[in-house]
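Letters are used for the chains, namely A, B, C and D, taken in the order the chains are written, and counting of residues starts over at 1 for each.
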Amino acid sequence: MNRLLKTRELWLALGILAVIVLVTLRFPRFSQPGNLLTIFNDTSILMMLALGQMAVILTRSIDLSMASNLALTGMIVAMTNAAFPGVPIPLLIAGCVVVGAALGAFNGILVWKLDIPPIVVTLGTLTIFRGLVFVISGGAWVNAAQMSPDFIQLQRGAFLGLPILSWFAIVVALLVYLLMTRTAAGRAFYAIGVNPTAAVYTGINVGRTKFLAFVLAGAIAGLCGYLWISRYVIASVEVAGGYELTIVAACVIGGVSIAGGIGTVAGALLGALFLGVVNNALPVIGVSPFWQMAISGTAILVAVVLNGRSERTKGRIILKKAEAA
Amino acid sequence: FAQTRIALVVKSLGNGFFDAAAKGAEEAAKEIGDIELIYTGPTTATAEAQIEVVNSLIAQQVDAIAISANDPDALVPVLQRAQQRGIKVISWDSGVAPEGRSIHLNPSDIGLIGETIIKLAADYLPEGGDVAILSAASTATNQNAWIEAAKAVIPEKFPNINLVATVYGDDDSVKSTEEARGLIAAYPDLKAIIAPTTVGVVAAAQVVTDQNLIGKVNVTGLALPSEFKQFIDNGASQAVALWNPIDLGYSAVYLAKALVDGQEAAPGATFSIGKVGEVTLDDTNSAAMAAPFQFDKSNIEEFSKIY
Amino acid sequence: MTDTTATGRHLPDRLDNPVKSAVLSWESLLVLVALAIFIANSFASPYFLNEWSLSDMTFNFTEKALIALAMALVIITGEIDLSVASIIALASTMMGLALQVGADTPMLVAVGIGVGILCGAFNGFLITGLKLPSIVVTIGTMSLFRGVAYIVLGDQSFKGYPASFSWFGQGYVFWVISFELVLFLVCALIFYVVLHHTNFGRRVFAIGNNATAARFSGVRVDRIKFVLFCLTGLMSGLAAVLLTARLGSTRPSIAEGFELEAVTMVVLGGVSILGGSGTIIGVVLAALIMGLVTFGLGLLNVPGIVMSIFIGSLLIVVIALPILFRMWRQRKA
Amino acid sequence: MTDLILTLSGISKSFPGVRALHNVSLELYPGQVTALIGENGAGKSTLVKTLTGIYQPDEGEIRVKGEVVTLPTAISASDAGITAIHQETVLFDELSVAENIYLGHAPRNRLGMIDWKTMRNEAQKTLDAMAAGIDAGIPLKELGIAKKHLVAVARALSVDAQVVIMDEPTAALSQKEIEELYVLVELLKQDGKAILFISHKFDEIFRICDRFTVFRDGEMVGKGFIKDTPENEIVKLMVGRSVDHIFPQREAVIGGTVLEVKGLSHPTEFEDISFEVRKGEILGFYGLVGAGRSEVMQAVFGMTQIASGAIVLDGKAIAPKSPADAVEAGIVYVPEERGKQGVITGEPIYRNVSLPSLDKTSRGGFLRMAEEFALARTYTERLDLRASSLSQNVSTLSGGNQQKVVIAKWLATLPKVIILDEPTKGIDIGSKAAVHEFMGELVSQGLSVIMVSSELPEILGMSDRVVVMREGHIIETLENKNLQPETLVRLAAGIAKEKAA
């Protein structure tokens, strides 16, 4: 498995590199370290979201409500900041994680206790959460002038030459990596995705594991709620509208199997980064904006076809000579 | 009791510009008296969603609809139906084709807006240089008209301004941010970004601030003072312009009420619009209000408190 | 309940009472919900009970519901098609192009439906030919199809469709009964017969329950799935004709967000998202319910986004209710 | 005697419409193997699941070493010292072998994190102790089905348990691996573990078990010592009547060639496969598990695409691209994996039966339910299907009865050639006889039957000719006249003649 997966991620990394090289041929400035770091920073939020989505997809579920969760948490934190500028930012961030996790837990409870298919639950909460953004804000936007300077500036600061936003992504990636590979809960995500029946026989509580995956995705969406709002300095009903499918696309490109049980942290990160590079490169090389959508659609399809190739079980081989070959 | 019911339909709810317009409309309704104002619109700025809103207004048998349209053509059939059912229809801000409405109220003259947005950039570029436009959706009627007008005016009036690109941020802050970044990366000599849309201009100014390009790249365009004040303050932008949305909503209600009261909309007809004065219809039954108003360091503080 | 497995050589057709199970079915729950909303609407707004209002209401859902009919079949086989709204955009764009080169009304309709079928066939090929999961393929083609529409149209729009064409989206067959509604009802009837009373429909269910075993039973699984994706493309093309005619113009951003609404209708209609079960009657009722909710709230000038809270909650509540009821009964037993 | 480790008393368990267990009791003794015997659907697997915390009994008491325990989850069962190898392999394809063995009780390091290195080493030790020849580091999906079963055994052993339950552990194993398993069972016995062994194979029950308990229709109907009880008595307890399983005597009226397969090859699975089946003949395919028989049959059935070769049916060359083509031509296939490939669980019996015959029961493409029910009833009743009604969901039938549904489905298509892949795998002795009798009937009606089987008695008792396969090749085709079992085993295992002789 390792061999196979490693090549998959390697291919993806090569693909990203190829795009960078191609763009650089036309615009040498594109691959300057500064610009590449900017792309990484720009993609940070998508990377974190993709990791949360991956946890959910691993358990044979899907969370279509992540973008709405992000918008709702973002609006809550923005309004809180506007109303009480004195509340320290770390406290606000912790609040975001808690609120996001609670929204995720709402999805999770419905999946766990009522056994409603995740796609149905999150299709419902996708609209409910976003509707709530409107309800709590009355439709009004919270703009830069209403936010406190700390609120806006925190993620723009730098540490060791890297913006704080990028550090958020790095830390989240590390934590998710440890969770996925080193804890029973993380392995349970994989187990119930690979074979839910067997997971029950192994003593894994399938419902509760899915619940945990949703809580994780929700917590990450909540964190990203703050990061998104302070990055684009506007909180509105339409924040991250339609982004739910972009997050899924990042996972898919990164080799996370929609059927569950297959996917790695590195893959999801690279999948997000790939979309980030493509989205960043197109305007830079002056591709007509009207071509962008078709190009990212094609990129998704190509990735899906390639992943489908490598995911196909080669089956077992009976003939000796075929085995030797 | 015979109240006149006027619906003010906007592109999307929650947009500060339209909220300000609604404030003006409310004011006009109060002044005229006996008017029930319905302020409504979709939450996503699409034509289909707006059609559903208009459908429900037809069912409610309102007396007049004043709409800022998401699409000049797609709304025509449903607005024609409204007119068939005896509802007066005017468009304001972003218009619909003449078949779909009696009057269109332009916030300002299209040519004038086109010229203003270029002038805002040129004023701070005595030597000239590269500028780019960051627009709203590629389908936005008014933005497209302004950009056309701007392009037309460059060669004769601003010969040393070089418009290098027009990109579309879809009035989405993320897309606008990405497009602004793209412009800066692709055109190292870019001197100004012109964003004739309130979402785009904020996004562009934030990008310029974040990338420490204040003083190198000037952001300008059309902006709500309340949302844009800090970027004038921090120098990311020298000046922006906008008409008064309050007056726009105010006038729309006056026009709608006049139609309901039986005044005919025909080329050359003159309508009184309360304290704003009066407007005269041109041969497409359109009327234009005042020239866009310019905001800079000297006055932004004051206007940001109003809208 | 005693030892049923060991008894009898003679096997009865069924043990449960068909009338009783019909009464306890999902559809009757939906009928109740629809009635309740209808009554609530009549009380909430004086404008609701008016033939023209009710007629206008149908425009809010007919196009999406047409797609939902085909989507129901796709979902019953355990697949999904998220590209339907983008197919509408592309089909509408191509109709606009055809108009530019002087196509007449029948030609325009043919172009719209033809492009729909081609898009569906492309999806079908990727999914059945290359054996890729439909959800990710159609997330990709969702961008691709609309992307092509953007490439063709850019910031332009097509308009000036002939009046005979506009009739499809704006015309009435008689009195307040619109062509769109009649077409939807006819299609619903056809889909009902196809799904519930033909071999094809039976095979669709078999695939949804267990595609491998269905293949081992001589069902041409890939062919049927391919046909279903083409069918969804066709219905999307048809919806494109109606929508284009209703709007009288084409823009690449047309029909954004339709896909999730169509899926919501299907799921609300009681079709299992996991495949293998569902009825057309349920989907039709769900379309009606969504129309009633949005129109009723619209009459009260409730913003669309708040309506969507209702729809989202309705979806979860209606699905959760039978489950809660079953749990409650089990606990009592 | 020795103290009891596990006692069950008064256990009952019902599913909607089915009473799977009724007031059953069971005792397990340390150092002894107890056989659990019963027809298909007698409730054996249900009992296993009750003991491993997967199902909760409706009534009754479970005692471990005299103390009453409740087993709400699979974890609590292993904590109570009960471990099981389930009937279906319940493992994780995408995970490594080591993780499959240790999932849920993986060794941790000081920080509470999973310690992969220790896990892998321990897993390797367990596997080596079983002489399994499996690398603990590779992903499970790279193993064959038999090796996977060994991993399941290793997993059961990795839990330090007092009670080891094996639900038909040998059903998917080759003879060699079965022998190794017997050795393992012996080791466990010496360790003082109590073993519950479920099997339909009487030879192995008599070989390794000490005691037996018999279930019939969810009730405990008898128990005793194996060595004191003759086989036919146990069978009588089991089916409630006496059954002598003799293979049906047939007057072989064999006609001309119906199906001819010439030089069939596949890039990785088989090569140069040629055989022919004649009218009224049963052609047996023998080989060890994994010899490639199923693959060949699936190629003939159009499921697997071939690289080269020809298939001739009734003198006409056919090239089935899908099962639908094969069914149309008159070749049908009863697959080995019943649950996945045979029945459509989630649909009622009658729909399963009518699915391939819809063109016959319908008119102009429109369904006619009455015809469907009639068709389903005809064939299921002929096979003595045990069900409450034709609308019962097949997922609620026991394995054997599901197999009958699959056979009924194909008979209804009136095929020319019927391929049965392990037709009696996991089927109780009573139903087995019925299936065999039925096969006899089929050929007497002029059908041609290909029977893939890994059971020697079945092959020898039923076939007119036997094809032996090994590693994707046909080794020999033999007339079944005075055929010695040893000959077949030797050919299938590739043991040289001199050594065997």
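In the analysis below, contacts are C-beta pairs under 8 Å (C-beta built on N, C-alpha and C of every residue); 3 or more make two chains touch, one makes a residue touch a chain.
Owing to the predicted nature of the structure, the values given are computational and were not obtained by experimental measurement.
**Q** Does A-C or A-D have more contacting C-beta pairs?
**A** Result: the pair with more contacts is A-C.
**Q** Distance between chain A and chain C based on Cα centroids, please, to the nearest Å.
**A** The separation of the two C-alpha centroids amounts to 29 Å.
**Q** Taking each chain's centre as the mean of its CA atoms, how far is chain A from chain D in angstrom?
**A** Once rounded, the distance between the two centres reads 43 Å.
**Q** When the centre of a chain is set as the mean of its C-alpha atoms, what distance in Å lies between chain A and chain B?
**A** Computed from C-alpha means, the inter-chain centre distance equals 35 Å.
**Q** How many angstrom between the C-alpha centroids of chain D and chain B?
**A** 73
**Q** Spell out, as numbers or ranges, the residues of chain B touching 2 or more other chains.
**A** Residues 13, 43-44, 138, 168 of chain B touch two or more partner chains.
**Q** Hey, what residues on chain A touch two or more of the other chains?
**A** 134, 139, 237, 290, in rising order.
**Q** Two or more other chains touching the same residue: where does that happen in chain C?
**A** Where chain C meets two or more other chains at a single residue, that happens at 150, 154-155, 252, 257, 303, 305.
**Q** Hey, which chains are touching each other here?
**A** Chain pairs that touch: A-B, A-C, A-D, B-C, C-D.
**Q** Any idea which chain B residues touch chain A in the complex?
**A** 12-16, 19, 43-44, 138, 165, 167-168, 172-174, 177-179, 181-183, 185-186, 188, 199, 202-203, 206, 210, 226-227, 229-231, 304
**Q** Show which residues of chain C lie in contact with chain A when the two form their complex.
**A** 82, 126, 130-133, 135-137, 139-148, 150-151, 153-155, 252, 257, 260, 263-264, 267, 272-274, 303, 305-306, 308-309, 311-313, 315-316, 319-320, 323-324
**Q** Provide the residue numbers of chain D that touch chain A in the complex, in ascending order.
**A** Spelled out, the residues of chain D in touch with chain A are 52-54, 73-75, 77-78, 86, 88, 90-96, 99, 103-104, 106, 112-114, 138-139, 141-142, 144, 266-271, 290-292, 295, 471-472.
**Q** For chain C, which residues are in contact with chain B within the complex?
**A** It comes out as residues 45, 47-48, 50, 52-53, 56-57, 59-60, 150, 154-155, 157, 159, 166, 169-170, 243, 246-249, 251-257, 294-295, 298-299, 301, 303-305.
**Q** Provide the residue numbers of chain A that touch chain B in the complex, in ascending order.
**A** Those in contact with chain B are residues 27, 29-30, 35, 38, 42, 134, 137, 139-141, 143-145, 156, 232-234, 236-241, 279-280, 282-286, 289-290.
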